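Supplied in structure tokens, the structure appears directly below.
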Amino acid sequence: MSWILPPSASTFASDIDFLYYVILWITGIAFVIVEVGLVVFIVKYRARPGRKAEYIQGSTKAEVIWTAIPAVTVVVIGLMSGGVWNDVKGRNSVPAGAIPYGVHAQQFEWQISYRGPDGQLGTGDDFTVRNQLHIPVNQPVVMRLTAEDVIHSLFIPAFRVKQDAMPGMTINVWFEATRVGEFEIACAELCGIGHTTMGATVTVHTADDYQRWLADRAAAADR
Amino acid sequence: MADPAMMRPPARREIGADVYNEKLGIWIFLGSEVMFFTALIGAYIIVRFGSPEFWALPNQILNVPVTAINTFLLICSSVTMVKAFASIQDGDQKKLQLYMVATVIIGAAFVGVQAYEYTTLVHEGFLPSGYAAGSHLAELAARGELPASVSVYGSSFYTMTGFHGFHVSMGVVCMVFVTWKAFKGKYTKEDHRGVEVIGLYWHFVDLVWIILFTIVYLV
Amino acid sequence: MATTALPLEKTTHATHEMSFVRKYIFSTDHKIIGIQFLLMSFVFLLFGGLMAMMMRWQLGFPDQPLPAGQLLPETMAPGGFLLPEFYNSLVTMHGTIMVFFAIMPLLVGVFGNFLIPLKIGAPDMAFPRLNMASFWIALTAGILIMAGFFVEGGAAGAGWTSYAPLSASPEWTGVVGGQQLWLVSLAVVGLASILGATNYITTVVNMRAPGMTWFRLPLSIWALFVTAILVLLAIPILSGAAIMLFFDQTIGTHFFDPTDGGQPLMWQHLFWYFGHPEVYILILPAMGFVSDIIANASRKPVFGYHSMVYALISIAFLGWIVWGHHMFMSGMNPTLGMAFMMSTMIIAVPSAIKVFNWMGTMWRGNIMFHVPMLHSVAFVSMFVIGGLSGVFMASPPVDIYFHDTYFIVAHLHYVLFGGSLFAIFGAVTFWYPKMFGKLMNPLLGKIHFWLTFVFYNLTFFPMHNLGVGGHMRRIYDPSQYEFLQPLAPLNTFITVSALLLFAAQIPFAVNFIMSWFNGEEAGENPWNDNGLEWIVPSPAPHGNFAELPIVYRGPYEFSSPLVEEDFLPQTRKLDSDTEPAAASAAE
Amino acid sequence: MRRFLVASSVFLFLGCGGGDGGSGGGGGAAAVDPLGNASITGAISFVGTAPANPTIDMADEPDCEAKFTGTPVDPIVTVSDGKLANVFIRVVGGLPGGPYPTPSEPARINQDGCLYSPRVLGAMVGQPIEITNSDPLLHNIKAMPTENRPFNISQPRAGMTTTRRFNTPEVVIPLECNVHGWMNAYVAVVDHPYFAVTGADGSFTIGGLPAGTYQVEAWHETLGTQSGEVTVEADGSATLDLTFGG
């Protein structure tokens, strides 16, 4: 029964988490005010014999106040959200120099393509690994997300990454991992019978380990 | 049936719309129809802008002159419908019958021409799924004289015109009923709600066709 | 009651010598049709609930066979273990059944039919036969959609949202006829809804009794009227989309097929362009009923009646420009996402106004806690949770994490169950006397309320926490993921609560049936309410009003200083009242 | 696809109830009465260099990987000592007219170690095809026929079996698992019992034939088809060797 988000491991995760906690506090306070108010009213104004309710039609002043407060609050939340949104998903948010990977979703696998020795994605020397994404730490990476058959959704909880893979579209998803380790990838959009099994792992390496892994894999692909 | 009050809003009620229930009802229902065709036309616009290479030029596959004549027919039927309504407003039963029959015939003719158009197009190889394999049009496409695929073009064309045709057919069926009642003398100068209601529907269907003809055949 | 006796207009209800079939089966009486919708919806509510129980069992006890699951055929649950394809069908059908065949007919079909003519002082709907057709068409659609379970490949399995291309080809789901039945059924039930909405709007506009001006309409009627407009304009969008998808499946069109020029994202736009107004279709009538009941129980006028009406209307307008917030992760242009975020934030405001106004209504009241009021207070407190949890998803960056997780499942159930269904229980209890002439048993009612309230919260509140843990929705087996394994005990807890919540509905069912036969006689006005429905006998007779009711005031004149009693019926003429113009209008 | 769509059209749903795609037809025929006692035997050879089979990365499925000693290989072209396995051989001409009784004994295919076993399965029209999952994880089985009704079903647990039938002859119907994209199998459905699949040694036997001259066709998933003609005496045996590759 935790309201704490699981540990994060990407650069923008803290911004998203901060926004979440801001909203959690605001809505939490609103929740307490309303529910406590309800309970107080229930107790205080419960029917008692011989008493008559006060004949009140309304109060413009009160209504203006409780229209304005929520309105201002949601607009503030909106403005805060807008900035983070633009940084994470905006059209020009992908950092220059991010390492590209091809992530091709299909029922019910993630086919992840890596650049070959020529340093270009989408050329003949690329190699593809099923359900395994290996990336270097502290280095922006960008997934060129595509789908083979139906809509899938690339969900990496620890990185606070989620993006639908839409057949017929290529969508760029960028992030920068901040911790070395293994993290899970899940499919978040119902994609058929095997939806539940459509998981994968992302392994975050140190820069050296990453180069070593890449060389091993490239060699294996050559064989 | 001949109660003159029937052409007015229900008596001793708060004034809402200053029309009788059936007329208000058909206006409301047509609001729903507008949204239905909005969905179809909206989908057409999205698909067409998304995949313009699937569209042939207006005259390449569709027979625009024949459909233009058909459009003219449908407009004529709106005119006869207006005439029918005007006749019964004057209490002229004979003219009402005459114009209702004319509207039914022209409406049915429209559906007939559309059926003929569909048959011809299918015969040439234009299907809701695109070209029929091995058809005349598929050969033209293979020679590069037509778009390589017209799949979504076919899909939009048949869905939009088909649903309009369905509406016209339903209208004709209802009008046959109204005409039958007209021959039995059920409509009077004082109460001719059925004629007015079917007329409103008919003009709506006509209007939709003019929009569809423009965007499907001419653009 | 000093009303001027006026003859009623001619109605078809003049004769009471109708056969049983004409009177109760193919009835054109709005009250009978309302009750027909009520019984139909309860059956579908049961179906939908059973589907939810099966899903919960799979999530809570994945290693144990479903009790009595052996009774299900091999294609659904061999050995009592649910198959993933059957689970997907359950996910899909639970959502669809609950939205289109339980909540929507309960709110709109039942109470729209039952309340509108009674509350506005009309003898029946404007088009009684259309009304009857609407019910039978809806029932046909319900049978069609359930038939999906009995055809090869099983029922539709692409989610209640049926995103293309998953839903567009049997190749992707293994579902063959079920998806097509689903689409046909939605188009058919859409027709029923459109006919119903046409009827409601015409009736409210044209059939109001003399003196029942727009701003004397009860909020329940305002809500139903606004809802009818939303139904009228939103449902045809779904019908159009469903027909296109049906053609994609059957005659080979390519609207949603990305490999041949189609646009899968278009389905989402069409679906949610319908779908967000639909969300308000599912809550606005509930807000209306609750407004009526809270005012009645607090013995006070509704606080800020006019702003309540304007809030309804503004929700109805804003509801059309927020659909994109369902699609933040869909690949839609992120700039568009910003626009949808702002409109979504704004639409929270009228909902907030309504909540505060309900509280204002209770403030300084003299609150009776009859069973309808218990449900209404629960509605307000649960709707608040559902509304506040919506703010998380409305913020696109936070939605990155919460999209398609159990957080959204919790959110939507707080609105649809905590909101709509509590209001429905309240409304059924409140208007039961007028439907059947008997009161529902208050003790059973309270038992049902408290059990439901407790287990409802134990079921759905922890789903927020599942969502915070990242638990995806619509997954068959969360144990596949390591990060979800710590949540397994919570899943089991939710399942147990859900089973108890299901069992807690038994007192309601017993109460509903027993009271029908043995309930206490209700009398005309058991709740001392002001509405027009309470001046006629219970159950309300054919044709409703023996004489034309004339309305002198709004519906919420409780504890008025003008009279001794704490209520003042809309038709009671005080010396200071003048006859409305329409009452004396020429024949 | 068209057949699929037409057959599944909503208006027909009443006519096609039942889970497993139709009746067994002649289900009572326990033992097939042979028309004769002649047989065709032979071996399928492969000449030249066999293309290398790809290895499978099963790192994600430890339960399957554990069933292999070395690196799992996708057995697309399996050649040992010049003999080719997984070739489907059937008589295509010269048979007396049917119909032939349908065996009630099922043809079996197993999912074991995230591979299909056998990779190529022959079955008669209407014969039950029993699909088993021996892995403790979810497989889905997607059949993609063109003449028969497709299906896409799942088996989430070890030991599950599902029985299906195909009612129209079709050589061949691909099966695949989408959870494990490498998993492919082929079911060949014919309307007579005169067919065989080569074993690891490339050999096959088609028995129970009456005397006659028969056209025989051999099919392999990547190498195409080869055909031959052979004459057998009553109660005799004839040899037919075919060669792929080169």
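Annotations
Letters A, B, C and D name the chains as they come in the text, with residue numbers starting at 1 for each one.
In the analysis below, contacts are C-beta pairs under 8 Å (C-beta built on N, C-alpha and C of every residue); 3 or more make two chains touch, one makes a residue touch a chain.
Note that this is a predicted model, so its numbers are computed, not measured.
Chain centres here are C-alpha means, and the one lying farthest from chain B is D. Across A-C and C-D, the chain pair carrying more C-beta contacts is A-C.
Taking each chain's centre as the mean of its C-alpha atoms, chain A lies 31 Å from chain C. For this pair, chain C with chain D, the centres built from the Cα atoms lie 52 Å apart. With centres defined as mean CA coordinates, chain D is found 45 Å away from chain A.
Chain B has its Cα centroid 48 Å from the Cα centroid of chain A.
Multi-chain contact residues of chain B (touching two or more other chains) are absent.
Chain contacts: chain C has residues 84-85, 172-174, 252, 263, 476-477 touching two or more partner chains.
Across the assembly, chain D contributes residues 138, 140, 152-154 that each touch 2 or more other chains. If each chain is drawn as a node and touching chains are joined, the picture fits none of the line, ring, star or complete shapes. Chain pairs recorded as touching, per the definition above, are A-C, A-D, B-C, C-D. Note for the complex: chain C touches chain D at residues 73-75, 78, 81, 83-85, 147, 150-153, 170-174, 176-177, 180-181, 184, 249-250, 252, 476-477.
On the side of chain D, the complex with chain A involves touching residues 57, 59-60, 137-138, 140, 152-154, 178-181.
Residues of chain B touching chain C in their complex: 5, 9-17, 19-22, 24-25, 28-29, 31-33, 35-40, 42-43, 46-47, 50-51, 53-54, 127-130, 149, 151-152, 154-156, 158-159, 163. Interface residues of chain A, counted against chain C in their complex, comprise 1-6, 15-16, 19-20, 23-24, 26-27, 30-31, 34-35, 37-38, 41-42, 45-48, 51-59, 62-63, 66-67, 70-71, 74-75, 77-78, 80-82, 84-86, 88-91, 107, 149-151, 153, 155, 157-158, 160-164, 166-169, 171, 184, 186-197, 199. By the touch rule above, chain C contacts chain A in their complex via residues 84-85, 88, 91, 158-159, 163, 165-166, 172-174, 258-259, 263-265, 298-301, 303-307, 329-331, 333-335, 337-338, 341-342, 345-346, 348-349, 352-353, 355-357, 359-360, 362-369, 377, 380-381, 384-385, 388-389, 391-392, 394-398, 400-401, 403-405, 462, 464-465, 468-470, 472, 474-478, 480-483, 490, 558-561, 566.
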